[in-house]
């Protein structure tokens, strides 16, 4: 097991291994997303409270949950880089940031779309949306910090430190925003996280979309990391061979 | 004292030097030579432990400096490009802080240290009122107070006049004679009555590439 | 002289010799607070409801702006490198620096806050909770700001980058600080919230110097 983890630190090994299972991952993701989206958007019964409008939740809920988890994953990569100096971990962390930003932005956007028919407004300061907005800022901060450094190594380490500082703060931020929300209760206490007992035909598609979206973004991460590997190792022989043979893709 | 094995330094995908190995023994003076940009300052900063981006081993009396940081820091005196003097403080206050930061109880010797670098009467003026050369000498005065055996100095002769340069050379020679060691970079041609060992980074790069 | 006493002495001497570094953030605090009534109108009933929020947000911004004087001078004259090469325990030196910095930047804000709060018609029963919150909160803000400052001190045009990094992390302190005032005005006890803030302060004291040291080493290399 340690052998395998140790190998994971080699860019070349990661590149060739990931190249082999990308087609499978793509296939599974397409199937999961396809089934989930079609089923959820077209074939589930309308909700008794929100009518047809709740369907955006099939995209919103997975992304909203994922954005926190994604930051945590990015922080793990950053920690591995800072503590054990595994360059591969930094490449993965760097690839994580724009994807994490996108996931959070999608969560916010779909949340707004859900909000318009439900509450008549596209923004509401409820606990979940506000925390997700702060997550967006945290991802933006890591992106901006890395690019502000002239030296690539210094930028990588600084971004790693910031990610770790951020991950310690996230539970505190989420808790504080939830507490703030209960304190300043507005007229309507409509939270997007209202869960009622839903019959299986409603939450089953959610499994499909949930895993499908997860697969989609993991695929994006792997592809981005592969690009990062190619760029950073461009002077290595095995990379030059790839370019020469014209097989840029898997 | 300090031994370096197979040092490789890569900065932003450019290899500055590699396969660098040498050993510094008490009583030696080492000069690092090389053209601008060859990595002299980077090498010195790596040897101090300020820069962690290197491959290879640096040992202080057999212990990796990254692990024995406190011991190493206690035995090291570093002078970089900037004088490390706060401009709003007086020379006396700056040196007093220096003593505290190294755990030295040498308040009484501060005046003497300043005097030996021709800074009579400037004890209580804020450093921004001193010239660049004088600020440099305040910074150098720390050497008199330091009890560290290893001195790593980067371009120590900048902003010094001819007499200052001579005195500093004698000072380095004395330190080596008393069992210390000095590693320095300078464009100036050293005239110390002491044998100087040299590392030339241009030649090292030439050997490799 | 112990290293902590020597550090505090040094920092305070430097701070008092550059009075601008102390006065400017305070002036910003005062002027920014003044802008709010000009912007939202002078209706005292309305102002009294938003007073604690205004004070907290401007205090938070003022602390962040005062961060520049923390490491920048040392970075530019090379003292930071010497600090990192010191054989003395760096953890305590950093804490001493942060403490002295708070004494000349955070504490004046806490002292000035009651004056400004009453200009904003804050009810008198909210004054003590506001002060208590600020007293515990401003050191936390100083420490979080210091982490951001340590990360960006080596960058040439860091400017507002510090704000982007640090303001999201200020959210919990802001929420709980203004929360103490809201709870007090609602007649509820505030000791729980103050304990929470206190816990955050303790956590910051334990963890911030580690992050700061890591960040300083990156900036110096």
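Labels A, B and C are assigned to the chains in the order they are written; within every chain, residues are numbered from 1.
Here is the rule we go by: a contact is a pair of C-beta atoms (placed from the backbone, for glycine too) under 8 Å apart; a residue touches a chain by one contact, two chains touch by 3 or more.
This structure is a prediction, so every number in the text was calculated from the model and none was measured.
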| item | value |
| --- | --- |
| Chain closest to the assembly centre - both centres taken as Cα means | C |
| Of B-C and A-B, pair with higher C-beta contact tally | B-C |
| Relative to chain C, chain with the most remote C-alpha centre | B |
| For chain A paired with chain C, centre-to-centre distance based on mean C-alpha positions, whole Å | 32 |
| Rounded Å distance between chain A and chain B, as computed from the means of their C-alpha atoms | 48 |
| Rounded Å distance between chain B and chain C, as computed from the means of their C-alpha atoms | 37 |
| Multi-partner residues of chain B (each touching 2 or more other chains) | 53 |
| For chain C, residues that touch 2 or more chains besides their own | 221 |
| Complex interface listing, chain B residues touching chain A | 11-13, 53 |
| Interfacial residue positions of chain A with respect to chain C in the complex | 82, 134, 137-138, 140-141, 144-145, 148-149, 154, 157-158, 161-162, 164-166, 168-169, 172-173, 175-177, 179-180, 183-184 |
| Residues of chain A that touch chain B when the two form their complex | 151-153, 235 |
| Partner chain A, residues of chain C touching it in the complex | 147, 151-152, 154-155, 158, 161, 164-165, 167-169, 171-172, 175-176, 179, 182-183, 200, 207, 211, 214-215, 218-219, 221 |
| List of chain B residues in touch with chain C within their complex | 45, 48-53, 70-71, 73-74, 76, 78, 80-89, 93, 96-98, 100-103, 126 |
